[in-house]
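In the two complexes that follow, chain A is the common piece, with chain B as its partner first and chain C second.
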Partner chain A sequence: MAEIRIDQISKAYGAHTVLHDITFDVEDGEFIVFVGPSGCGKTTLLRTIAGLEKSNLGRIVIGGKDVTHWPPARRGVAMVFQSYALYPHMTVAQNITYGLKVNKVDPAEIEARLKAAATMLQITQLLDRKPKELSGGQRQRVAIGRSIVRQPGVFLFDEPLSNLDAELRVQMRAELVALHRRLGSTMVYVTHDQIEAMTMANRIVVLRDGRIEQIGAPLDLYHNPQNRFVAGFIGSPKMNFLSVTIQAVSDAGVMVELPGGPKITVPVAGPDLVPGGKVELGIRPEHLLLGPGAGAADAQISVTATLVERLGGETLLHGTTRHGEALVVRKSGELAAHHDETVPVGVVAGLCYLFDADGRSLDPLRPREFPQ
Partner chain B sequence: MSDPDKLPLLPPARRSFLEKAAPWLFIAPSLLLLLAIGLYPMIYTVYNSLQNFVMGMGPPVFNGGTNYITAITSQNFQNSVLRTLVLLVITLPVELVLGMMIALALDSQHSPFLRRLLQICLVIPIAITPAVIGLLTQLMFNEQLGVINYLLGRIGISPVDWLGSPTSAFATVVCVQIWEWTPFVALVLSAALSTVPPEVDEAALLETERWWPRFSAIRLPFMLPGITAALVFQTAFTMKAFDMIYAIQKGGPGSATEVAIIHIERLAFRGFDIGVASAQSILMLVLSIVLARTYIRLFYREVDG
Partner chain C sequence: MSPQTADAIKRFLHAAGIVVVLVMILFPLYWMVAGSLKTQPELFAIPPHWTWAPTLDAYREAIADSGVLRALGNSLIVTLSAVALGLVVGVPAAYGIARYSFRGRREIWFWYVTNWMLVPVVVLIPFYLTAARLHMINNPLTLIAVYQIFIIPLVVWLMVDQFRSVPVALEEAAQLDGLNRFQIFLRISLPLVTPGLAVSAVLSGIFAWNDLLYAFILTPGDEVRTAPTIALSYLGGYTIPWPKVMATSTLVTAPVIIGGIAIHKYVARGLTMGAVK
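Let's look at the complex of A and B:
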């Protein structure tokens, strides 16, 4: 069993606090991803779990044992570094088995584990090579192999795919997910790439400025962001945000005025809102309607296209509203619109989000019904 | 875009004489200085080593390799070389071990201020003129007035005539040589230690909590070029050790601290036998080069990642 409990962890470098009172649990066998912009503290948090950084406050419990003051090697964790951190003077086989040898594991057992890991990662033919003779993807596999043979309770990954090219990254992503299924170990993964987070995680921890913004399953974060930051961070292209004025607050929701005058009632609870105040309306690019469907929406706004990206399966229309706010619309299939053309875009009230002045998401009055 | 292979070749650029000479002109001052103070004296020494050249006994006369035979067969020279090698064999390992310990201590020091302060402290012995170190040694190890005997007296040890007996005088030279050069070795090894990539070190930290396997298998391979440099430098410094030892008591008592260079100085400037002294200098140079090459062959390995 290797569940992790992060309990009120705080960490500061001098006067600069990088982790503020972080508390959450990782279940045994879970694949959890820390995601956030650069400098949000995600790597520091990972290194604190590994024992490479000492926290100023709080405790870390792994597999039921308080490891807060334990040295890294005793914690039963293995880590894959962004730079892979292979030992350059050792062969692949030596890299993988070093940890076992220094911990006096039986030679026959070392051999068996090396063989199993090499077969699993398809690096059997590379065992006698030095790291400099390997490609980025191969080095990555060796780094993973070095982790696997130790049979740790917890795997820690620090942006392991960021040095790979796009194609290889997609491939390795799938392989890591498969590896997780196969080993069933607890994995903690750090990335700044929200697509990696969405595709790999059981749960995502979104961090900003050393604080947890939200924890949840990928689609839960996508559909029910608790604040504007999470709404903007999760999803690609990003959620659109429009500054709107409150017209009325009723049992049916909050009525706001969209750019250009149309009004819609967003079904969210806004007990503290008053007419005349400003809120932000968020709507995902794929929830905006273009073409014939636009007329059936609750309201329409005019958008002048600045760029039309035709990706084959889908089209992205980048444009500006009458108020000059940027907007992206995603439509599956192709679209006839062209640059500088003004098109009507339909807004469905039930798919909109409202964020108050503090960036908090207002609770929906009923669950949102997303188009299938 | 046209194919770059099919573009017409540009005519070779016509460069003016000044343009061609510019690189040479830039390095000329330092090159000339280097030739004047480095190469010329060496060539002149080689030239002298092949002459029967005793100052005040007429002009030098070419005598083939006779000076080298005289030098090698000289019992005094052999003894002085042996003394130099003994000094080297004792001081080098001690300097290396102490230097490594200081480098590791510096590395584990987390406070940047304290680290900087320690580094500055290390520079002090290197910055003091060796002749001054020699004079300070004379004072500190003086039988009646020296602070060493005073401190020993405080713990009940009777005064030692450090510079009076051959063995203790040599031991004094060994101690002072170690004091003078360990900080330099520590700085070189500290630089070598900083070449270990932090993530590689951390990867090892995650695999074992034992210090020795991590040091020997992960850090040491990265440090080998630095260690080799420290060995080469320290050997050269010891082989040409002169000023500090001369200032203590000119190679005495008797010839107890007469290392090779002091012997050569005596022969050249008191015996005036420039020819044989030059031959002995060249032999010392050859010995230094042989040792340096040996270290490089044995220890120099680059980790290329």
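Let's look at the complex of A and C:
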């Protein structure tokens, strides 16, 4: 069993605190992904789990053992580095088995594990090569192979795919998910690619400036972001944000005025809101309606197209509202609109989010019903 | 003047410059080797002959003179010991400076590097007096110790950069693989800086091998004198046996040139890596 408990971890470099009181648990066998903007502390947190970095405060418990003061090798974790960190002077086979040799594992056992890992990763024919004779994807596999043979309870990955080209990235993503299914080990994965996060994670930890913004299953974060940051960070293209004025607060929700005058009642609770105040309205590009459906929505706003991207299966319309705020609409299929044209865009009240002045998401009065 | 002509002139001047430098460097070498293959009268022929019947007489004379062989042997022992000691002390020191942050790290590094710039003659007298007090004149250990003042800073200076260019992630991977600090140094970092080690060893070796000043003062005895001083010893008599001087000098210089050729590839790369990828 290799569940991880991160308990009130704080870390500072000099006067600069990079992790603030981080607490959460990772279940045994879970695939957990850290995302967040550059510099938010993802790598630092991962390295703290690995034992390569010492926290100033807090505890790390892996598999029920407090490993806070243990050296990396004793923690039962394996790490795949962004730069792969293969030993340049050793062959692929030596790279993979070196740790086992150092730890005096029985040679027959080493051979068996090497074979199994090489077969699984399809690198059998590369075993005698040196790292510099490998492509990026092959190096990545070797790095993964090196971690697999140690049979760790926990795998740690720091942006392992960021040096690969787009196509290979998609392929390796699928392979890592398959690997996780096969090994059933706990995996902690750092990325700032939210597609990787969404597709691979059982749960995502969103970090920002060394603090946890939200933890949850990918779709849970997508549908129920707790704050404006998570709402804007998860999803591509990003959620649209419009600054709106509160008209009234009632049992039915919060009524706000959209750019151009239409009013709409968003079914969320706003106990602390007063009419005349400002809130931010968030709505995902795919929840805005274009074309014939727009008229049936709760309200329409006029949007002047600045760019229409036709991707075949879907169309992205980038435009501005009457107030000059940028907006993206995503529509499946094709769309006749063109550049500079002003089109009506339908807004469905039940799919809108409201964020108060502190960026907190206001609770919906009833679960949002997302279109299938 | 068209750009092509300007370009051609530039290239010509460049080539001419290289030729001048080469002649300045190679001519003395040529004169030494050629002289060692001549007889005394031939050597002093004016104008010098471009062709002559080469003779190895000067080499026979030099080698027959047991002092030369013994001096070469002494030089070899002193050089190898000095280099070995310098590497054993300097390489771990460089690793420490490259990888650990501790109070005074910059100062220590600066102290090492500036030591290297010391003008040798400045410390000659104090060394002589110290060695004399300790009854260490004519003891090869004295030379080996004194050379460390120049070798260790050179090794540290070269190797700190070498170790810095080994990615930290490699050492961290090794840490996760269960290696301890010393194993990481020995089995991961050290193999990756072998070009730097070779350059350090050869450059310090050349320094120790070439040294005339300290050897002349600190180990002047016939039993312990080193090769560079032996050629000097011929300069005492009425007639100076120039071909023999040249032959001895050639024997002394040959290892230096071979060493230089062996490492020129790395030195040409500005002593930076290339090995670590």
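Remarks
By our rule, the second predicted complex is superposed on the first by the 372 of 372 C-alpha atoms of A that agree within 3 Å, B and C clash if a C-alpha of one lies under 4 Å from a C-alpha of the other, contacts with A are read in each partner's own complex, and residues count from 1 in each chain.
Following the convention adopted for this analysis, a contact is a pair of C-beta atoms (placed from the backbone, for glycine too) under 8 Å apart; a residue touches a chain by one contact, two chains touch by 3 or more.
Not measured: the values here are computed from a predicted model.
Once both complexes are superposed on chain A, the partners chain B and chain C clash.
Applying the stated contact rule after C-alpha superposition, one finds that A:181 touches neither chain B nor chain C.
In the overlay built on the shared chain, the residue A:73 is in contact with chain B and with chain C.
Contacts of A:52 after superposition: both chain B and chain C are touched.
Comparing 3-11, 147-155 or 237-245 from chain B against chain C in the aligned model shows that the clashing stretch is 237-245. In the superposition on the C-alpha atoms of chain A, the part of chain A touched by chain B in one complex and by chain C in the other spans residues 50, 52, 71-73, 77-79, 81-83, 85-89, 98-99, 102-103, 131-132, 146, 150. The residues of chain A lying in touch with chain B in their complex are 50-52, 71-74, 77-79, 81-83, 85-89, 98-99, 102-103, 131-132, 146, 150. Those residues of chain A lying in contact with chain C across their complex are 50, 52, 71-73, 77-79, 81-83, 85-89, 98-99, 102-103, 131-132, 146, 150.
Chain B meets chain A in the complex at residues 197, 199-200, 202-210, 213-214, 217-218, 221-222, 301, 303-305. For chain C in complex with chain A, the touching residues are 167, 169-170, 172-179, 183, 188, 191-192, 275-277.
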